[in-house]
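Below: a set of structures, written as C-alpha cells.
Note that chain A is present in both complexes that follow, paired respectively with chain B and with chain C.
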Partner chain A sequence: MIDVFPPAFFFLIAAGIVAFLPQGIFRSALLLLTPIVAGLYIYDLPHGVGGEVELAGLTLEMMRVDKLSVIFGLVFCLASFLGNLYALHVKDSIQQIAALAYVGSAIGAVFAGDLVTLFIYWEGTAITSVFLIWARRTEGAYHTGMRYLIMQIASGVILLGGTVLLYRETGSIAFDKMTLGSLATWLIFLAFGIKCAFPLLHNWVQDAYPAATITGTVILSSFTTKLAVYALARSFPSTEILIYIGAVMTLFPIFFAVIENDLRRVLAYSLNNQLGFMVVGIGIGTELALNGTAAHAFAHILYKSLLFMSVGAVLFRTGTAKGSELGGLYKTMPLTMIFCVVGAASISAFPLFSGFVTKSLILSDAAHEGYYIVWGILLFASAGVFHHSGIKIPYFAFFAHDSGLRPKEAPTHMLFAMGITAFLCIAIGVYPDPLYALLPYDVNYVPYTTTHVITQLQLLMFSALAFTVLMRTGIYPPELRSVNLDTDVIYRRFLPRIITKLRNIISGMWLFGTWFASRKVAKLVKTLHNSHGPEGRMARVWPTGAMVLWIAIILSATLIVNFI
Partner chain B sequence: MASASIIPSLSIIDQLPLLTIVVPMIAAPLCVLFGNRHIAWLLAFIASLVSFLFSAHMLLQVIDGDVLSYHLGGWVPPLGIEYRVDAANAFVLLLISGISTVILPYARQSVAHEIKKVSHTLFYCCYLLCFTGLLGVVVTGDAFNVFVFLEISSLSTYVLIAMGAERDKRALTSAYDYLILGTIGATFFVIGIGFLYIATGTLNMADLAVRLADMGDNRTVQAGCAFIVVGMGLKAAIYPLHLWLPSAYTYAPSVVTVFLAATATKAAIYILLRFMFSIFQPEFVFELHTLTWIIMPLAILAMFAASLIAAFQADLKRLLAYSSVAQVGYMILGIGLATKISLSATIIHLFNHGITKAVLFMVVGAFVMRKGSSFIKNLNGLGKQMPWTCAAFVVGGLSLIGVPGTAGFISKWLLIDAALEADLWWLAMLIVLSSLLAVVYVWKTVEVLYMNEPDESIVIKEVPMTMLIPMWIMALACIYFGLNTDITLTSASVAVNSLLGGGAQ
Partner chain C sequence: MASNKKDDPEKLPLLGRKLLWLDNMKNVERIVYGLYFTCFVLFIADFFYKKKTYMDIEDVPGFYAIYGFAMCALLVICARGMRLFLMRDETYYAPNDVESEEHPEANLSKETIND
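For the complex of A and B:
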C-alpha cells in the first residue's frame, strides 16, 4: 500500500514504544535516537511523490518529497533531538509521548501531498501538543490548554471546510500553490493564518507558550507556527497580502515585548515578530525570498529554541522567569549566560551569527523587488528585535541589578543541548553554504558584503548605544527612545496608546459579548433541559395513546402531502 | 427442498437464498426440543454462523450487479413467492447475520447473568425466530412475505424485550407499548400493500414496479405509499414515531438491545429504501413530495431533537437509544435527498451505525454485568478497572461522532458530500452541528469513565474474554471500515444501482 515509509511513523511508533518502556536508559536512548534516525532517513529520501493511499475514493499522498519539505523535515528532526536532549531530566511519560507524537504529526504534515493528509496531521499536532501544556497539571494550565486547543482545532476545522469546498469546486485536494479568490482558498488561508499567528489571531502564542512546562515550551516553540509557515510557503507564495500581514506581524509584537516582564512571554512575542519576516518572504514569493523564508525558519527554530532553553534553564534553577526578579546570574550560570548571548546575537542578526545570513536574504529581496516601505519596516523591526530579545533577555536575566540569587549552573544535559544549538547558530553564521545547499532553490547570494555588514552593524550599534544611554540615564524601560528618533514618538507612544485604547474597547465588547452569550447559552441549556432533559416533555415515556396519536398525525400529514 | 425435483439443475449454491432463512428457522424449535441451554446456545451460534457464511457467499455472487432469483416451491413469479437477492439486500443480510454471529458468544455470559436459567432455551428460540424474521424481511422479493416475516420478527422481539423484566419490571410495559405500536405499524404496512394489490393485482416486488410505472396519479397507490411509509417508519423509529424505542432498548436484556439496535431498525430502513426507490418510481410527484415535506424535515428533527435528549440522559443505555433515533435521522436524510451519493450514504451508514452501536451496547452490557447498573453516575472511574471495555467504548464513541479514521466518518462524509452536491449548504452545516451534539454525549460518558475517581474500593474485574473479544471484533471493525472503504463503498454503490434499476428489470 505504501511504497515510501513515511518518516512521521518513526516518531509515532517510537511514541507507542515509549508508552511501554520503563523510564531509564533505554527510554532516554529511544527519545534521542528517533530524531537522529528519522533525520538521516529524510536526508537520503529520493525526491518525488509516493505513499499513495486510497481513502473513500480519494487518493492521498502521504509522502511528497522535495527540497522544501526536506529542509523543514530536517530542521524538525534537529529541533526534536535538541528538545529531547534538553528534556532528558523529565520523567513524565505523558510529556515524552506527547513530544514524540507532536513531532511526528508535524513531520507528517510537512510531507503531506494533499489537503486531507495535511488535515489529519494538522489536527494531530493540535491534540498532541496540548498535553505539553496540560503537563504542568495546574488549574491555570488546564484552562490555557483548553483555549489553545480550541484555537488549534478551529484552525483544523476551517482547513477541513476549505478542503471540502475546494474539492467540490475543482475536484482536487492537492496541497499545492493556490490563488486567493474563492471562499475555499480564503478558508484554507485563514486556517494557516491561525496557526501562523497572524495579527489578531496571534494571542494563543503568548497565551499558551509561556504556560507550558519548561521543556514543553522549547518543543512547542519549534513546530506549530513553522508548520504554518511551511503550509503558506507551499500554498500561497507571491500572495501580496502576505507581505503586509508579515510587515504588521514584525511590528506590533515589539511594543508588547518591550513592556512585558515575563521573559518567556517576551520570547513568545519575538517569535511572532520573527514569523513576520518569514511571512513577508512568502508574500514576495521570488526564489530568493522563498529561500530566505526556508533558511530563516531553519535558523529561527535553532536560535529561538536556544533562547527558550536558556530562559528555561534559569526558570528551572530559580523558579521564576520574571525580568524584575532576576539579574546577576552570570556569576553562577556563566555557560547558560554565554549560550543565551549567542542566541540573542543570532536573533538580532549580528554578522557571523545565523540570523544574519538568513534574515538578510529576505531583507535584500524586499529591497530588490521594490518594497521599500516594507523594507524599512523590516529594518525597524530588526532593531526592535535587538532591543527586546537581543539585549533585554540576557541583560535582565544575567546582568542588570544583582538580584542576590545564586543558583547552580544548569544541568549537564541542558548545557549540552544549549551548547550544540549555540554551536549550530554560530556555524551557520560563519559558514552558511551547507544550509544554502539545502534550500529549495539555487542560491547565488553572498551575505558577507561590506554594505550588508556595515548596515547591520550600524543598526545594531546605534540600538545598543541608545539602550546603553537610556539605561544609564534611567529612562528605560518605562520611556523608551529608539533608533529612529523622528518616528519613535508615533511608534512608541501614540501607537501603544491607541492600541491600548482599542484593546480596551475591543476587550470590553468581547467581555460584554461573552457575558451576554454565556447568559444566553446558560438560559438556552436550561430551556433545553426542561424540554429535552430526562424529565422533560420530549424524553418522557409517553402513554400508549399519545404514541398512537403521533402515528395518526404523521399518517394524515403524509396522506395530505401525497394527495396534493 | 421440493423444488429440487422440479428444477433438477439446482445445486446447494442455488438454494442459498432460502437456506439462509431456513437454517435458523429450523434451529429455533430445536432449541426448545433439546431443552438444554448449552445446546440451545450452540444451535443458535451454528445457525447464525451458517447464515453468515451463506450471506457472505451471496454477496460475492451479486457484487458485480447480478441478481439471484429463487422461486419458492418452483412456482414461477409473479404468482409464486420469489426470494430475490441483489447487492442491496445481500449487504444488509451480511450485516444482520454478521452482527448476530459476533454477539452470540457475548450473549452466553450476558444472558446467563441477566436471565434465569429456565428461560434460556426459550430465549435462544425467540432470538433465532427474530433473526429469521429479520433475514426474511430482507431476502424476500414478495411484498406480502415481507409482512409475514416482519410479524415473525416482531412477535419474538416483544417476548425478548419482556424477558428484561427480571432486571426491571418496566420491561413489561415497554414490551406492551411496542406490541401495540408495532402491530399498528405492521397493520399500516399490510393496508398499504393491500392498496397496491387492489391497484395492480400483484404482490411480487419486481412485478409491482413494472405495473406501477405509469400509475403515478392513482389515488389508491398514493394512499398505499403513505401507509407503507408510516408503517415502516414506525419500525425504523423515524422521529416522532420512535416513542416505543427508548424504553424498549433500555429495559430489554443487554444482548437483545445490542441485536435490535444493530439490526432491527436497519432491516426496516432497507424495506423503506426498497419500496421508495425500487417499487415506486422516484420520479412520482407524490413520492417527491413525501421525501421533501415529510422525510427530510423529520430527519433533521431527529438529528437534533433526539441528540439533545441523548445529551441530557442520565442512563447510558437510554442515552444510546436516543442516539440511535438521531442516527436513523441521518439514514433517512440520505433517503430524503434521493441522489445516488445520498443513498450510498444511507446504506453505508446503516452498516457503520450497526457495527458502532453493537460495540457501544455491548460495552453497556458489560457495565450492567459488573456494576449492575447503566446509570452514568454509577460508572465513575471504570476506565481504570475495566480498561479494555472502556477503551472499546471510546472507539465506538469516536465512530458515533464520526471522527476521521473510524467508520462513522465515512458515512457522514458521504452524507455531507451528498448535501453539498444538492447545493444544500445549510444542510451540510446542520449535519456537522448535530455531530457536535454527539461529541457532547460521548464525552460526557468518557469523562465519567476516565476522569472521575472510582466510587468504592471494591475491586471490579474486567468482563470475561468471551465478552471482550466480540466487543473488540466490532471495535476493530469500526476502525477497519474507517480506513479501508473498498468493501463498503463498492457494495453500497452496486446496491444503489440495483435499488434504482433492479426493481424494474
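For the complex of A and C:
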C-alpha cells in the first residue's frame, strides 16, 4: 500500500488556478511547469497500489503505480508540455483550461486501479476535450463537437454499464486483466474499442481532429486514443480477436489517407493506422509484443504530435491545411519542413528514427508467433504509412506545385516545440535504451541488425520509388477539394434520411387518419342535427303535448295498478 | 517543384536560400536518379549478406523491395478507384461540417515573407 498524491491533481488544480490568473507570463509559466513537475513526480513514484477512497460502499483505488502506468503517465506529461509550448501564443482561457483538465483526466485514468475511478476520468477526458473543438467557434465545429461528444459519452456510459454488470457477476470492480465472455466484459471491451477507434467505430477521429483549433488538434491527438490503448493493454492482453481488429485498423485507413485532401485528416487516418499496430501487439500479448505496444505508443505520441504541429504551423500561416491549396513552402518555411520530414521519417520507421526501434518489436513478434498473414498486412501497412504520411504530407505541403503562397516561418515557440519533439524522435531512434528501460518487461531485443536495416530500407525506398513512378506517370490521384464518404455517412446522411422519410410517412398517416376521423365525426354530427335538431324529423314527432299525454297515461296506469 | 515566379532571395530565410537549388528542375531530376540508384543498390545488397529470417518468403532476394513497390502501387490504384464512388463535393455535409468553412482568422497569423 502506498500513500501518494495523485498526479492528475497537479493538472486539475493548475486548471483551476489558470481560471483566476490573468493572461501573461505567470499563466504561461504555469502551463509549462505543471507537466514538468508532474512528470518528475511520476518518474519518482514508488510502485504499488494506493490512494483508497470509500464511495457508496465501494473501495476506489486512485493510484496503481507500475511500469505500464508510469510509461503512459510520463509520455502524457511530455506531450502536454510540448503541446502547451506549441500553444504558447493562444490567449483563449477556455482552451488553456480544457487542455490542462483533459491531460489531468487522461493521467488520472492511467493510474486508476478500479473501473469506477476509470469511468470518472474516462468521462472527464470526453467533457474537457470537446472544448478544444468548440474553441474554433464556428457552426461546423459546434456540430462536429456534438458528434464527438456523443461518441465519447456513449463510450463512458457503456463502460459504466459493463462495470455494473461485472460487479453483479463477480463482486469486483478491479481494472485488471479480463477474459472476453460475459456481457459485462464485452461491454467494457466495446467501450475501450470506441475510444481506440476500432474499425466502424473510428469515424469520430477523422471527423473531430481536423475540426479542432490548430493547437487543440495537437493536444487531442495524444491522449484519448492512447488512453484506450493503455486500457486494452491493461485489461485484454492476449485476446486473439484484437490481433485481427488491429490488422484491419492498420489496413483500411491507408486507402482513405491516399485520397484525402485535408492534411490534418490524412494524419487522423494515419493515427488510426498506427493504433492498429498497438492493438495487434496487445492481441499477441507476449512480453515482447506488449513492450512493443508501450514503446510504439510512446514514440507515436511524439511523432504524431510533431506531424500535427508542422501541418498546424502551415495552417497557422496560410489559413489552409488542404493539399490542393498548398505546395512550394519549403523555401519560406524550411525549418517547419525539416521538422515535418523528421516526423514523417519517424512514423515511416526509417532507421535512426523512433518508429524503427518501436514498431519492429510488434512486427517481429507477429512473425515469431506465426501470424504470417497479419505480418504481411502489417508490412503492407508500414509501406502504406510511409506512402501517405511519410511522403504525401511533406510533399504536398512543402513541395509539389508552387501554390504561390509565401508564408513566414512559424513563430519561435512553435519552432521550439517542433524542434524538441524532432530531437526526441531522433534520439529514441539512435539510442533506444532509455526508452526500452521504461518498458513494462525486460527488453532483449536488438533493433539494429543488418537484416532489419536493409530489409526496412528496401521496403521504404521501393515505396518511394512507387510514389515517384506513379507521380511521374500521372497515375497518382491529384489532390482535389472534396470530402470522401467513410462509414460515418451512415449516421450522418443515411440514417437521418431514413428517419426523415419515416417521419414523413408517419406524419402523413396521422394527418390522413385525423382528417378521415374528423370527416366522419362531422358527418355524424350533421346526421344527428338533421334528425334530432330543432328542425329535425324526430323533434317534430316528439311535441311537448305528447309527452304530457304520455305522463298522464303512465300515471293513470300506476294508479289503477295500485288500486287493484 | 519548379517555381512559377522568381523569389527574391533576400527575403527568404537563410535555410530557404540554401534550398533554392530545388527550384531547378535539373536538380529534381538528379534526386530522382539518386533514388533509382539507391533502390538498385539496396536490391542487389540482398545477395551480399546472410539474411536472418522467420519465413521462407523472406529468403526470396529483394522480397521486401518487390513487396513495397507492388503493394504501394496496388494501394494507389485501389484508392484511385475508391474515389469514383466515395468522392463528394466539399459542401456535402455543410453546414454541419468544417470542411467547407474557412478557418477562423482569430486562430491564425497569416504573415508572409513580404510583410
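Note that in this section the second predicted complex is superposed on the first by the 475 of 564 C-alpha atoms of A that agree within 3 Å, B and C clash if a C-alpha of one lies under 4 Å from a C-alpha of the other, contacts with A are read in each partner's own complex, and residues count from 1 in each chain.
Convention: a residue touches a chain if its C-beta (ideal position, glycine included) is under 8 Å from a C-beta of that chain, and two chains touch if they have at least 3 such contacts.
These numbers come from a predicted model, not from an experiment.
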In the superposed arrangement, does A:A19 touch chain B (first), chain C (second), both or neither? neither
When the two structures are overlaid on chain A, which partner does A:H143 contact: first (chain B), second (chain C), both, or neither? second
Is A:G536 touching anything from chain B or chain C once the two structures are fitted on A? First, second, both or neither. first
Superposition-derived comparison: chain B or chain C, residues of chain A touched: C
In the overlay, answer first, second, both or neither for which of chain B and chain C A:I564 touches. first
May I ask you to decide whether A:I551 touches chain B, chain C, both, or neither, giving the answer as first, second, both or neither? first
A:I506 contacts which: chain B (first), chain C (second), both, neither? neither
By the touch definition at the top of the document, which applies to A:V430: first (chain B), second (chain C), both, or neither? neither
Can you check the complex and tell me which residues of chain B touch chain A? 176-177, 180-181, 184-185, 188, 219, 222-223, 225-227, 229-230, 233-234, 240-241, 243-244, 246-247, 286, 289-290, 293-294, 298, 305, 308-309, 311-315, 318, 322, 404-405, 410, 413-414, 416-417, 420-421, 483, 485-486, 489
Under the touch definition given earlier, write down the residues of chain A that touch chain C in their complex. 89, 136-141, 143-144, 210-211, 213-214, 254-256, 258-259, 262, 315-321, 328, 330-335, 338, 364, 367-368, 372, 375, 379-380, 383-384, 387, 399-400, 402, 404-409, 411, 449-451, 454-470, 472, 475-477, 480-486, 492-493
Touching chain A in the complex, chain C uses residues 1-5, 7, 11-13, 15-20, 22-23, 32, 35-36, 38-39, 42-43, 45-46, 49, 51-55, 58, 62-69, 71-73, 75-80, 82-83, 86-90, 92-115
Within the complex, which stretch of chain A touches chain B? 54-57, 119-120, 164, 168, 528-529, 532-534, 536, 538-539, 541-542, 544, 546-548, 550-551, 554-555, 557-559, 561-564
